[in-house]
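Quick heads-up: structures coming right below.
There are two complexes below, and they share subunit A, which is joined by subunit B in the first and by subunit C in the second.
For the complex of A and B:
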């Protein structure tokens, strides 16, 4: 290979150093936030003068935090279900269909990934306002579904690409009708893609803040929105505590996903 | 005429401007092993896929026991099929793969267990029930696929080049297994291959496909001894072709003029036009050699002599035309004194040769 790691010489040390710097840059803020959430300083002084669980007690004492977490969970769960179902159908159509405008349609499905989220947010807000749906769970789910779908379509699409359609044909000749064959053979065979789609869809909604700010109402606030609005009122370490829990949950989910994949392979 | 078990009538398949299959017609008897033989793109696989119901013919009909199956969707045709690629369901064990068609049919659990066991026994894979397909060799995977395709006793088994992904030795081993399974089960098999040796080894009858049409249907020996087109003659067995002119013809026999002024009479003639240019087929083992240049016979120079065990291959180069290969049994008297550079004359019985216009 042209770029063989073992033959890079001096460049090798440079690359290792650079990679470590990038990793530090990515991880340090998280460590920083987590440390602050256990720090005793009201003013988020670093390094913390002493350690405390005070901010977590305050967080759990305020039921609004709990409800916003519940709202996040609920919306992310609904988004995940629909994102996987619609993503599977869309990927199937894009993968198998031979129709005019297929490539344009594929690009269209993926545009939410490259479109500035704030533009999407303003546009959606205007539409939902006009339809009288602003501030409803329905609008919230639709908005998050838009940004979650590309992840599903890419993940499931890739899995379908690597799936030999003859296997589905074999199931049909075995007596399964086409949808039975897809559900009993194709879906299990591409389960890694579907699982990936579910994890990424969930995360896309779970920690999304821009669309959420526009879709939120005083009674419908997801955790990131709650963090944002609290932050605007005053800077309290409770936010650091909430953020730390948000991150912890996200990491837990990623680890579970990795473990699931590993178990699947062996 | 008695009703055929499986009757393919005038099947035609057109993709836009391309005709993939044209007027494919044949009757297949119950329990028969019929092979579709032809090069890639000759329409043999398309015909098989039409039988499976994955493609609709543009024209024609397919009757199973006298009833058209074209309106029946694939999953209700109850036809078995083994594919060119490995198609075991990756998430299911071998046992569950074979059980799949029965589970779809909601057969009772005890019956499923019994039939899966019998099917795996048939393909000699007893005890493999709990393995995952990924842990099997290619040959084993195709045998499981065979068990899965036979477990629901389909009236017809389709096989689309099932051995093409396997190496030669394994291929021969599984060909033998397929023959045994055909004899044991008596299932009607339609088998697609581009390998003439495989076709000859397995089949009761062979349909030779060329450019979307069937050139000829017959048993292996029939196709070899009496090919009706130049394509069949070239595809089945080794052959020499010599350009010739038709001098006269009557009742399917022709008088031909060969290069070098040689004239032969009484050659079976095939083709629509019975005059003009023709191709003369000479099988390598039907040619006699004699040292020296004899008048009235094809003559040439020996280029090469190859020992092939039970027979000897002699390459003769006549002047002005392509080399002719001759096969003589080991120890044949004509071989004595033969060496590269020797002038020889070639003779043959016109009735053993064929001319194609």
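For the complex of A and C:
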């Protein structure tokens, strides 16, 4: 019985063992980085000779790290807002519209997600250079919006699929104008899709490296660009400290998402 | 009767709004964004590949005619292929167990998978750079166990790239495959067992064929994603083991050769879109055939 956990027989030991190994493979690098960020060894020797906070002190002493994190946060926030609004409208149009070429349009909107991002980065870089916009916040936001938008369209589109439109119609029949009905009936009903769209859009921008490398200027860097340029020089434990903070942030996001899902169920 | 009348009215109102282009209007902001900042820039880049430095196909000739560049193509396909195979071979059993194990355990495993997937890409790559270096934990452990005398060269080569990329791609294989295996009716396997099939036969003749469409779709997705990867190969591969995405970036950033950069980008684009079209045509999970 291959699809019954209790009757797997010898196979169960094999599958459980392999899965445990894969879990170790997936989690150990993250644990190591967190541990090494408190280690005193400049060369990241494990186990570290002693424990220290000096890499965190160095991280916080260098204001460039702080400003790049602030830049990342600002760009990701702007991208999230636009991605959710434009994505909501597009998902609504794709969901409600009955016109020729709807599937082609949907595929077109999702292409930036599938395309090798380096192609998009190089193409946008050329255009922004020509327009004199290279290295501006505008360029960053546009670039990240392109890859965040597909996540919004998918997430909100899925939520709209599961939403019974006659509820919105009922609100309109009761005297609400169409936009009032959409904002006060449809939007709350698909809030989980909008929340998902916001989280994924934020992460898409916050974590993005390749577009950011091309859009950055010496005065405008996001956190990934700062890590990237530091990494190209050496493997300093300061990056381990920065990484550990990012991992903590990821765990916080996961907990928030889990709580949200739980709240939705009950 | 009244209900039908209002429903009819609603439909008319919708048709009216539709005729004014209501629902198409919603698509306009996204369409403007995608056309101006995606379609047009990519087309312009492709134009440059046949126009610079002078009109003609010399960029493509140079790209496909030189052994240096052919090596890069070979590296790219080799790494993408190996990463795909390893991910599927390791990922399938994990997805299988996840699909059937008690929920309290599967939740823990899923949390680990999602944590690794959501962790910043540079953080994960940095972790592997540290782990795989000559004095890194892996070499030290292997030497401590007496398995090797000299540190193995695990980084700045394609081995490092393959390990780092497999780490990144595994979740993308496990999660969809878990869904595919969950959707298989256990009764089919029970029937096979009742009819006298051995465990091996159940696997090779029932479970594996039933999950094959999912495996093919996952493999194709990982392969396509790996082909265009930039960050991990650049950091773990070193300068002498370039992959295609790095070549595109290098032409534009260091060499400022937009003609060659455009040509390399176009090759990458064509390969990706072709495989994507194959995926949509043959392995689309949304289209039950």
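A few comments on the model shown:
Please note the rule applied: the second predicted complex is superposed on the first by the 253 of 266 C-alpha atoms of A that agree within 3 Å, B and C clash if a C-alpha of one lies under 4 Å from a C-alpha of the other, contacts with A are read in each partner's own complex, and residues count from 1 in each chain.
In this text, a residue touches a chain if its C-beta (ideal position, glycine included) is under 8 Å from a C-beta of that chain, and two chains touch if they have at least 3 such contacts.
All of these numbers come straight from a predicted model, not from anything done at the bench.
When both complexes are overlaid on chain A, the residue A:169 reaches subunit B and subunit C alike. Legend: residue contacts after superposition of the two complexes on their common chain; A:48 is shown touching neither subunit B nor subunit C. With both complexes superposed, C is the one of subunit B and subunit C in contact with more subunit A residues. Comparing the two complexes, residues 169, 172-173, 178 of subunit A contact subunit B in one case and subunit C in the other.
Residues of subunit B that touch subunit A in their complex: 52, 54, 73-81, 83-92, 100-101, 104-105, 145, 148-149, 152. Touching subunit A in their complex are the following residues of subunit C: 6, 10, 17-18, 23-27, 29-31, 33-34, 37-38, 40-42, 44-45, 48, 90-91, 93-94, 96-102, 109, 111-116, 118-124, 126-131, 133, 135-137, 140, 167, 170-171, 181, 184, 186, 189-190, 193, 199, 202-203, 206-207, 224, 227-231, 235, 245, 248-249, 252-253, 258, 261-262, 265, 268-269, 272-273, 276, 280.
Residues 1-5, 8-9, 11, 14-16, 18-19, 22-23, 25-27, 29-30, 32-33, 36, 43-46, 85-87, 89-90, 92-94, 96-99, 105, 107-109, 111-112, 114-127, 142-143, 145-146, 149, 153, 169, 172-173, 178, 203, 207, 209-210, 213-214, 224, 227-228, 231-232, 235, 239-240, 243, 246-247, 250-251, 253-254 of subunit A are the ones that touch subunit C when the two sit in their complex. The touching residues of subunit A, counted against subunit B in their complex, run 164, 166-167, 169-178, 180-181, 185, 188-189, 191.
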